[in-house]
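What follows is a set of structures for review.
First chain A sits with chain B, and in the next complex the same chain sits with chain C.
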Partner chain A sequence: MIVRIGSFRSRHDRAVVLIAFWLLLALLGPLCSSYDLGAIGSQPVFSGPSPAHLLGTDYLGRDTLARLLNGIRHTVLLCFASTVLSCSIGTFLGIAAVTARPWVEALTGRLADGFLSIPSLLFALLVIAVFGTSTTALIVTMGVIYTPGAYRTSRALAQRIARLDFVTVARARGESTTYIILQEILPNMAGPMITDVGLRFIYSVLLLSNLSFLGIGVQPPEVDLGSMVRENMLGMAYGSPAMIVPVIVIAVLTVGINLALDSSGGRR
Partner chain B sequence: MNRHLVLLIGRRFLAAATSLVFVVVTVFAITNVLPGDATDALLGQGATPQAVAAMRHNLGLDRSVFVRFWFWLWGILHAEFGNSLLNGLSVADAIGPRLHNSLLLAGASAAVSVPVSLFLGVTSAIWKDTVYDRVVSILTLGMVSVPEFVIATIAVYVFAVRLHLLPALADVGSVHSLRQFLSAFFMPVASLALVTLAQMVRMTRAAMADTLSAPYIEMALLKGVGPIRLILVHAIPNAIGPIVNAVALSLSSLLGGVVVIEVVFTYPGISGLMVDAVSSRDVPTVQACALVFCVTYLFLTTFADIVTILSLPRGRKT
Partner chain C sequence: MAATIQVENLEIVGRRGKGAELPIVRDVSFSVQRGEMLALIGESGSGKTTVALSLLGHIRKGCRIAGGKIRVAGYDVTALTPHECRSIRGRIISYVAQNAGSAFNPALSIMRQVVEPALVHRILPRRDLEARAVSLFRALALPDPETIGERYPGELSGGQLQRLMAAMALMTDPEVVVFDEPTTALDVTTQIEVLAAFKAVFAERGITGVYVTHDLSVVAQIADHAVVLKDGAIKESGTVSKILFQPEDPYSQALLTAAEPRSRQADLARQPEQPSLLDVRNLVVGYGQPTSAGLPEKVIVNHVNFSVPKGSMLGVIGESGCGKSTLARAISGLQPWAAGELLLNGTPLAADVRERTPEQRRHLQLVAQNADSVLNPSKPIGQALERVVRFYGGLRGGAATRRVNELLDMVRLSPTLASRLPSELSGGQKQRINFARALAADPQIVLCDEITAALDTVVAAAILDLMKELQRDLGLAFIFITHDLHALQSICDRVAVLYAGQAVEVGPAVALGQGVHHPYTRLLHDSVPLMEPGWLEATQTRRLAEATPAPISPLSLDPGLCCFLARCPDRVSGLCDRVPPPVRSVPEGPRVLCHLPAFDRPEFST
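And now, the complex of A and B:
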């Protein structure tokens, strides 16, 4: 049985469409440019838009559009992977806290409180200082950072649903806990959890961009939106698109999803 | 004060102490799970096993994890954070003056952003659903959803590159007059204030709007209370708790902002030190900076919660 909690429907639909669009762009975007990512052309550095280079060139004379499309790929895919990680672990633990023995909830709750008492950027810095900046390390770090938040949301949702009558009826029918989780609780959590996925995705885009901007996120020769801004900071004096366009793309990405989640009013 | 209140506050302090223990253990654990240890970094790959063993003994690395944790904790309690792996200097000495700079930056930004955001938040709650409220709401939503460095770089672009009003770097070392002080601090302070402002405005507005929708406000309106008296006497005293809570919670986001802002303006603060230490994997420095940050954060969140507890009407009536 599926019930609707709150008026999340249109809100999360729009966010899902937006995230799907960005994922598609991340997967297909780099195919649209014929330039090699590292190819240093004969163009001057920080040149403006031209027919050959639609967004001009960067601080080494490389094609900005090609690098931008690759940057979007890294930012979106890394953040999506870490969001999937944090939300699936968080949901699993949240449901476990509600359905398993009481000590599970006590333990996971305490752990989540502890993790939330460390600011996310600080936690990332600490972990990266030890494990380095490999792609896996970045995904896992961001995944761990946002797990407590996802856990809290899913626990609250699962608690609310587990108290509803149809769950009691299912229990009285003699259904197993596995059945109740898969057939009764999870389908009803899906909608509100997607809103949470959208939020975590934005948070991780912000965190990854900040890390890369600080020079401790995605490392060259790979490129993401934050590191593009970092390496082209000199271009600011010339108003170069190589520095300004990635800033705009980050803003459009995060503000867009935020507005989609926020627009139909009401808070979670 | 009544017993109930003391109990609540005591419980909050206990929770803060638990978190503190968690933070200290986590910082130690994360920095000690590496397969190799400091000797690899210090001696390089060509080190003989004897040299490694001697060094491990000197650094106390041959003892068990618990013993090392105990000595590390003992050092922290005496403000001894060990020596930097990079230059061998005391980490505590490196942090001291930089912490002062960071606190100055954070304090100045808070002094700007708190009054401004209180004003914006309260007024947009009063004039809810007007054009003014919409504009404030959209602007702050936009600012919440871009990374901190974007706001800082836009500020640099506008004020330093386009208008040539201010230097793009914070030259704190050569401050001798008020003019120099303003020109060195204006940009970092303004950017950091903007970063924290957005969230504070949104939370203040939510708290104030919540209070204004309460039945007793409608009652006061119906019995003919004027608008100014309604806000100052009826609404604000009841909204003060949630608002102070919102402000303190947003101030803790100052910490994340301060890292980025210091790097953008090459401001000589503690986060610049930490970011450099992270890139060079200077673990003792990272540990010390992380602890300073986490303790500050813990202090702010605990403070926010205690203010909320104190502002509960149930607690105020003895």
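And now, the complex of A and C:
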């Protein structure tokens, strides 16, 4: 739904292609490597690129490419899911706060303020300490953490739009609330909301990397980009690709998605 | 002696994004002698503000001066460095902006802001400047000139702030003052006070200035010379009397025709009395908790009564804040009311639009004020119209498209516009679409809330023509809410005058300006500037001649009393400040909410 709104123009197409590329890579990438994820080979640790290991080996002599593809899968899918979760709940609540009765706004507003006042890393530590670490727990936690931000953005946007004359006229015509939300309010807040989605995605990539760096993210032998960086810290001294490549992938992923969504959302 | 302002062959170009440079101002030349006032006249987008600001050496971002010379008080403005520009701004040339309400910093007291430009240029010590400010406040006829400087912008009215902004501009005794539509945002009754104060100060200090406006009757009062601009080029220039009374250029003539109050009433032959379509009975709308009397804490619309017969046009007029828009919202079912009732074809309407029947909603359509926000920016206009056609008429596919084209034709637009987005249309076109959307419902009555307020004179005149046509051809009834008395008089059959939420007068529109009226109606009618030089002075002299009773504080008054009491020139002490006013009906004339018997009115005594 992110890219469906509005007619397809080249900017939208570019964002669609980029998102599709990462999703495909996340889903199919791990099939491209014949190496077992956890298999410790006879190779020396932190070796450079070779025909057998295109990106060299990591601190245990495992194939870096296989681990990298697995890391991309976790990072992209986890963050994608949690962003969809936080942005859809946040947008829904934001619009509800504007169109429903006043007590809804009072309640959701205070709840959002409360959540925002808890440091996100601390909150994630707490949840994972209680429920243990699992993919579902990670997605839900990150989703919950970024919902208040999306809620605030969407509420501010919806509030401005709901006051405009064309919404007043639609209400005077007797249109249903559903029609007003879907046809009058949502299309006009899509641009800034898409930009906001880009931001939330980056936040969650960074949070997941942080969590994995602390060792409470994705658990071994599975891996995500953040934990790959942590495992291979020692490789920094050897200039090992096992440490450098995931860093570059994180940067390319976040900056690329953000630029693409920015330009497709900002231009209207 | 050289002219104080001399502009020669000025060319300003600008570009949007990375596009090619487009001319904004083309070959503009004019000069202003010392002590004269030049009016720059034009519609929005004609480049008048761009020219006025270029006198201060300010060019909007993305634009530049491509050629020509600007000399102001001996300085070559086009050749100044940014630093030099700053040193003459505020000292040699100053600027009075359109919207005084947003031009003041709400967190600082008036005096601090008024003396600031003079302090920046280190003209005098603060103490002397404050004394000068007080004398300017007095010259501009501001209330309590000694203490007004200690107050904050939020405590003052729009008209007062506009005069304070002029005081700020005049603090440094500049050679030239640029006024950019300073009275456009004001009500007529306030505008006349501000204009009178400006004019007195101009005469007293011999100010040289440029006055940007689109209102020709204001030009007649305030300027000596005038320049008519269109699309950045001068169409005609000369003395005000020449431009207003013997315009040569066809465009100036078109502007004048549009501004002229002319009647669009088809024929004055009395039509048979039509049955009433919409009745408003004792309507009370307000905000806050109900008080013991069962009325809301803050009453906005106070026991308003009127009716609209089938196929007729009722004008509702009043100043900003009088409750016009709240009334419109209540009638269209967006604002619940506290008391009273609303009848459509004799059946009571629910206060909430969702509780009205589809048929009732279809018959009563709202055309909202702001052409820019009234259409959904992400929907092509054909779709917007089709939605309404489908919503009420149930038409689909080819039938719906045919109906949309029919509607576009009805508002004199080409069917090819249907695929455009609102942002690709002009203000006038958007307002026509706005109308078409209301017509799509096939209504009996259309509620128009200030629909011409944001439009240029020529465009607004065309919209008024359209309304009259629709009334004639489709037998539509209209409620036309406005603050423009000329527009109202030219198309409406009846008029309701609203003051502080009360309908102080309801009567035939043709009777305005003659016969017996409520004192507020007279004030309103007298305050609309006429296009004759000297009108301002004549009106002011006449008002001064009327013995105005001592002012009374509106706060000490009982809310049941006459709402216009504090400003009324005709009030009778012992009667008006004791007893609520009765409703009186003048035969063949209006229904008036006032104590004064008809024969006591000034119109009758003269």
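Assume the second predicted complex is superposed on the first by the 236 of 268 C-alpha atoms of A that agree within 3 Å, B and C clash if a C-alpha of one lies under 4 Å from a C-alpha of the other, contacts with A are read in each partner's own complex, and residues count from 1 in each chain.
One rule holds in what follows: a residue touches a chain if its C-beta (ideal position, glycine included) is under 8 Å from a C-beta of that chain, and two chains touch if they have at least 3 such contacts.
None of these values were measured; they are calculated from a predicted model.
Asks: Mind working out whether A:Leu121 is in touch with chain B, chain C, both or neither, as first, second, both or neither?
Replies: First partner only, chain B.
Asks: Just to be sure I read the superposition right, which of the two partners does A:Asn188 touch: chain B = first, chain C = second, or both, or neither?
Replies: The second partner, chain C, only.
Asks: Could you say whether A:Asn210 touches chain B, chain C, both of them, or neither, answering first, second, both or neither?
Replies: The first partner, chain B, only.
Asks: Once chain A of both complexes is superposed, is A:Ala100 in touch with chain B (first), chain C (second), both, or neither?
Replies: Neither partner.
Asks: Considering only touches as defined above, state whether A:Ile202 meets chain B (first), chain C (second), both or neither.
Replies: A:Ile202 contacts chain B only, not chain C.
Asks: Which holds for A:Leu27: it touches chain B only (first), chain C only (second), both, or neither?
Replies: Neither: A:Leu27 stays clear of chain B and chain C.
Asks: Hey, is it chain B or chain C that touches more of chain A?
Replies: B
Asks: In the superposed view, which residues of chain A touch chain B and also chain C?
Replies: The overlap between the chain B and chain C interfaces on chain A is empty, containing no residue.
Asks: Mind listing the chain A positions that touch chain C in their complex?
Replies: Those in contact with chain C are residues 6, 164-166, 168-169, 171-175, 183-184, 187-188, 190, 268.
Asks: In the complex, go through chain C and note every residue touching chain A.
Replies: For this pair, the touching residues of chain C are 332-334, 353-354, 356, 358, 361, 365-370, 373-379, 387-388, 391, 437, 441.
Asks: Name, in rising order, each residue of chain A that touches chain B in their complex.
Replies: 110, 113-114, 117-122, 125-130, 132, 202, 205-206, 209-210, 213-216, 226, 229, 233, 236-237, 239, 243, 247, 250-251, 254-255, 258-259, 262
Asks: Which residues of chain B touch chain A once you look at their complex with the stated criterion?
Replies: 15, 18-19, 22-23, 26-27, 30-31, 33-34, 141-142, 144-150, 153-154, 156-157, 161, 252, 255-256, 259-260, 263, 274-275, 277-279, 281-283, 286, 290, 293-294, 297-298, 301
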